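A short worksheet on the structure shown next.
Note that the chains take the letters A, B, C, D and E in the order they are written out, and that residue 1 is the start of every chain.
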Amino acid sequence: MTQPLLDVAGVQKTYTGSGRTVEAVRDLTFSVGDGELVCIVGPSGAGKTTLLKCIAGLLEPTAGTVTLAGARVDGPPEAMAVVFQEYGRSLYPWLTVEGNVELPLKQKKLDKARRRELVRDALEAVGLADVHSAYPWQLSGGMQQRVAIARAVAYEPKVLLMDEPFAAVDAQTRADLEDLIRSLWHKLGVTILFVTHDIDESVYLGQRVLVLSSSPTVIMEDLTIDLPDERTQLETRSSPRFADLRGHVYEQIQLAKHRKGDQHQRDEVATGSHRAGQPTVAADPGH
Amino acid sequence: MTQPLLDVAGVQKTYTGSGRTVEAVRDLTFSVGDGELVCIVGPSGAGKTTLLKCIAGLLEPTAGTVTLAGARVDGPPEAMAVVFQEYGRSLYPWLTVEGNVELPLKQKKLDKARRRELVRDALEAVGLADVHSAYPWQLSGGMQQRVAIARAVAYEPKVLLMDEPFAAVDAQTRADLEDLIRSLWHKLGVTILFVTHDIDESVYLGQRVLVLSSSPTVIMEDLTIDLPDERTQLETRSSPRFADLRGHVYEQIQLAKHRKGDQHQRDEVATGSHRAGQPTVAADPGH
Amino acid sequence: GGSSDEPATDTEGGLAQVTVGIIPIIDVAPIYLGQEQGFFEERGIELELVPGSGGAAAVPGVVAGDFDFAFGNVTSLLLAQTQGLPLQVVSNGTASTGDPETDFSAVVVPADSPVQTAADLAGKTVAVNNFKNIGEVTIRKAVEDAGGDSSTVNFVELPFPDMPAAIANGNVDAAWVVEPFVTVATGQGARAVVRNFAEPVEDLTVATYFTTEQMLAENPELVDDFQAAMTESLQYAQDNPDELRRIITTYTSITPETAEQIALPSFPEEINVESMETVAELMAEYGITEETADVDALLATD
Amino acid sequence: MNPVLRWGRTLGFALTLPVILVTLWWVWSADSTNYYAPPLQTILTTFGDVWFSERLRADVLPSVTRLAIGYTGAVVVGVGLGVLLGANRTLRRVTEPVLEFFRAIPPPALIPILFLFAGIGDTAKVIVIVSGAVWPVLLNTVEGVRAVDDVLSDTSRSYGITGLARLRHLVLPAASPQIVAGMRQALSISIILMVISEMFASTNGLGFSVIQFQRSFAIPEMWSGILLLGLLGFVLSLLFQLFERRSLRWYHGLRRSQRGEN
Amino acid sequence: MSTTEVRPARAGAEPVRRRRPELPSAVLGLGGLVGFAALLELLPRTGIVSAEYFPPFSEMVRALVEAAGTDRFWAATAETVQAWGIGLGIALVAGIGLGLLIGSVELLRRFTASTIEFLRPVPSVALIPLAVLLLGLGLQSTLLLVVYASFWQILIQVIYGVQDVDPVARETARSYHLGRWARVRYLIWPTALPYVMTGVRLGAAVALILAVTAGLVGIGTGLGAEIALAQSSNAVPLVYGLVIFTGLLGVVVNLAARALERRTLAWHSSVRADVGG
């Protein structure tokens, strides 16, 4: 691992308010090296978004610290871009697609020609070159999501946080975007934290995969993906090692879903190893 | 096929306004029998949401008609439930989770006890029994989406339209929900139109899969899924027939992505068969 | 105010209930005194006095029948007369003392003002409470009598209470004030240059009580009774200045000390018809009315 | 739809109800003997005599000038202060009671104080207009700023769009629907306060004329003035609509498109 | 390509919403009022304005306290509050009812727009003679003025609020066949509520202003009439004392409105951000 850039130490987050207290994240500790590409997977409601927001300096952890490049994060750090899960609401409805992508660049004080270029390239990369002058609300869900991605890409961040960025796009586009992210990562050496639900995606994309437990959340597994660096959709996905890793993550997720932070710790104390927690009442009541 | 319930005939939809005119849907004709489960796949921006809204009576087609149970649709028909792609915004922030699910039931004039029961069952089915009194904005993205699903399920509709309903949930939950939908479909005999990006999902769920071309949209393929009716995640997905069908749809989608309605028709006239259109400029500019 | 559409309803005690719209200033002290002394009750009238700010509300109040009688200054009534409103004057209200030294109304200027006589007001800015009203008429007459050109006076509307400050701050060159503000302004160093009620018109009738023609026609006895009671009240007021100063402090917020210092108006029983005619002519001359108001038509013949 | 037809429709919508109401008024007042409610015919005749004359320049123009300055002032102060208070909770809590205090004070009671500080000229009148019309803009701006979508807000923060850029690119556009609602309220309140301000220390103006007519019992003239005030309000609101349509194009477009109206 | 180093926090970036211990609003608000009072005390004391026309705050309060010892004062207050309460009540019911109706029926909105724009700017004060003539002096006329002035404010707010309904939420309601009433109750009303609350606060203040003004111009009784009386008697401290009292009534009204808002708008992002979380 290269020298650690991001350090998450004992982060805990409890939401209080309106008579409901939720311990979303129990205790997360991990670090990410400069230029790493880390995928985060975990059940719905595990606290992935919460974690990302804490790292982005948008939410203050109840306990623990996030350190970026040696300094404690207590506000949105410079040169970091975030793609939000709620992509639709993260686009400015009063700006055109182009305007949305360009706005952060203006803030970066880039000159007009450079902005133009970056905007055009980014929109082309996500396949939206022809809708640059439309408003976000004139676009389909998947197109909106791609605008949000283009915005982050055009920003040329040092650290890129992405919260299920491909959830609304079709399989083919998704594959294209995955390759786009990996190529960007190669080209720019950007550090990427990538939250996804798609296990294949996490394995295909990442150098490491973090598996989170159900809320209150701890880290179930920190898996290094030892696939070759040069990956292609067809070959990589059909390699036996890919299948192995994929299967492993899948298992962990299924475990995670039925196991919460507290059980996890209890288990560890009791047996020193992971054991499947009891299944929840959910799912398939018809049978 | 059972007697046709829904008939979509020559539907075309052009968006005009704000100086931008988009022919989203060119010409769609198909019908769905009573009690069928049809999946719709197509590239991002193909017009799937547009089509669903036309069927739901929320959008008037520019040309063509939608007929439901013999009557022309010109407003939201009775006993139809819709799960919107923009799940977050379709939940009422001023109502609790429970309140959101219960609201349509009140409208159905069900008595209190029955409503309670339906709400509880539906929330349990989507794995949210313990957050019934939270507000939607206190939930994670995937949880919000499941609330929207619970609302549709509790409504016990005759026709259920779902627009990428599982986009924000993790793989395990997604599998559970897929089985939930199929079991509901068996139990209640409801007719389901299901838009998804996940090819495996469309094959696993549907009796038929409609593949749409890029916008302006036509139907590229109407594929009957001849898998056995009794499906399980493990067995069905590993069957060779599943792989075949999956591969077929995948091919079609890739074709669809690079082919628009006009090309499609031109091609058909010219050669009488499908041919891959030219690839777009998008994707992976880094290489 | 518990007003009734039916004028003068009989109460159980056989008293006629009469509503009178007044302005809570010094000028209406006699009616308060008369009420206190029982002059109205003696004549079968139970008086209800409804304070208002005059002008805007009093005339429509009478026309609409909310007030049986109301207090108003002569220019307003003359103006209403030329506009064809069916009003009738029934009793005197206030009059100038005619004393150019101590009348209750004055045009005041800052102590260091170059204005020494009424003539000097020409070309100056003078505050009055209402345009085209009694202040404007009497001031213009005073200016002309002193040999100035009254058409060059710039009148500005200000409420009386704001005038002392406006003078002190130099917002206006001069201001026409009535008591207690004459005392207030002079107490703060202002100087009175002209007593505009006392000098230009002799024995000026300033304000009167009035009703509608309808009331007069339908209820002549009541009007008579009101008139008689008013006459007695005015007389009593004229004869008992100390009583007058005392009663003022009961229905206004004027302090007893101020009440001791202020100049009182005169309360003659009779209206000076001649002064009203002069005012009517002046109003026509100054273009306030299009034609000369018919004073006789306004005065209730009894 | 072709433009002629659209204009026709717009005009039809705009005129139908007024025509009905005016007709009713006309019929109802035709043989009115009530001094204060003269026949509409009389009022309309008077209207021409009174307003199509020197008064248009001498009275209407100064009024409209003061109105324009006062309204602009109210919008600038209201939006400026509103953004400040909306964005800063502590400041809002400190100042709210004081502002509420001022808001509840009747302008006529405030006027003497204004005379003390601003003299009796046009400045005081403009301040009267500002002091009354600022509230709807202020309140709506505060609420609009407070209600900025959290995801949008987070987006801005994470891209370092802070300070003035945040104001210009996030806060103002996001609050603009509510700010515009406030500005629209303020427009008619400005007209009302223009009249009230001209009740004191005035020598000209539309409100001044109306009050003078009222005081000198020139009732048809007074009514004609009220009609003119209404017309002024109507014309200004038309202009305002043009402004609103331009500045909130995205908002109306968004609503319309998602209502499936295009 | 960007070579910007990753730095801890942007210059000028807002800090994370921290839950630092905060003074309660009551204390802060009171602080604001005290500061304002101090200013009022200092202005005349330092001679910036003449104490004769603008007495120090302490004298205003003394005059007010003195007045508060009389029944007359409290009767006047009761009258003003009564006119205010009834007037605002009528304006609220009418404004909200018609606002919901006009706002949600496109056709109605188009037909009434021009008339509303015409009537709105007509000042209440210009209607005084008419009010007196139609309704006589006293409560009814005061009410007409109060209702006329505050009604428009509430109406416009409600109409704008109704139009702010989120399109996806609206489509949800349509597709689930929420009836007219259910749509108003569960969709339109909650959406418009923030606007309505602003309307209530605007309308409440305007109603109070008109209830007092009616007294000031002599068609009603109550605090306005008391102020007019004090003015015409040159009781300067009392005038200001009464004006201050009126302002304080406004503060109380706002407190009530805020409390109501916190209850009804707990879900709204504006209130959410305020209570933290």
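The criterion applied here is as follows: contacts are C-beta pairs under 8 Å (C-beta built on N, C-alpha and C of every residue); 3 or more make two chains touch, one makes a residue touch a chain.
Here the structure is a predicted model, which means the values were calculated and not measured.
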item: Number of hops, chain D to chain E, where each hop joins two touching chains; value: 1
item: Centroid comparison with chain A (C-alpha atoms), farthest chain; value: C
item: Distance from the mean Cα position of chain B to that of chain A, given in whole angstrom; value: 26
item: Separation of chain B from chain E, taking each centre as the mean of its C-alpha atoms, in whole Å; value: 48
item: Cα-centroid distance, chain B relative to chain C, in whole angstrom; value: 84
item: For chain D, residues contacting two or more additional chains; value: 36, 112, 116, 149, 157, 160, 199, 214, 219, 253-254, 257-258
item: Per-residue multi-chain contacts in chain E, two or more chains; value: 10, 13-14, 53, 128-129, 133, 168, 171, 216-217, 231, 239, 268-269, 272
item: For chain A, residues that touch 2 or more chains besides their own; value: 15, 18, 57-58, 75-76, 78, 80, 86, 89, 135, 138, 187
item: Residues of chain C that touch chain E when the two form their complex; value: 1-3, 5, 21, 23-25, 50-54, 56-58, 60-61, 63-67, 159-161, 164-165, 168, 180-181, 184, 188, 252-255, 258
item: Footprint of chain D on chain A - complex, ascending; value: 53, 56-58, 75-76, 78, 80-82, 84, 86, 89-90, 92-95, 103-104, 106-108, 135, 137-138, 151, 155
item: Residue numbers on chain D that touch chain C, as the complex places them; value: 35-36, 111-112, 115-116, 119-120, 199-203, 212, 214-219
item: Residue ranges of chain E in contact with chain B within the complex; value: 166, 168-169, 171-172, 174-179, 182, 186-187, 190, 193, 267-269, 272
item: Complex interface listing, chain D residues touching chain E; value: 13-18, 21, 34, 36-37, 89-90, 93-98, 100-110, 112-113, 116-117, 135-136, 139-140, 143, 146-150, 157, 160, 162-163, 177-178, 181, 184-185, 187-188, 191-192, 195-196, 199, 207, 210-211, 214, 219, 222, 225-226, 229-234, 236-238, 254-255, 258-259
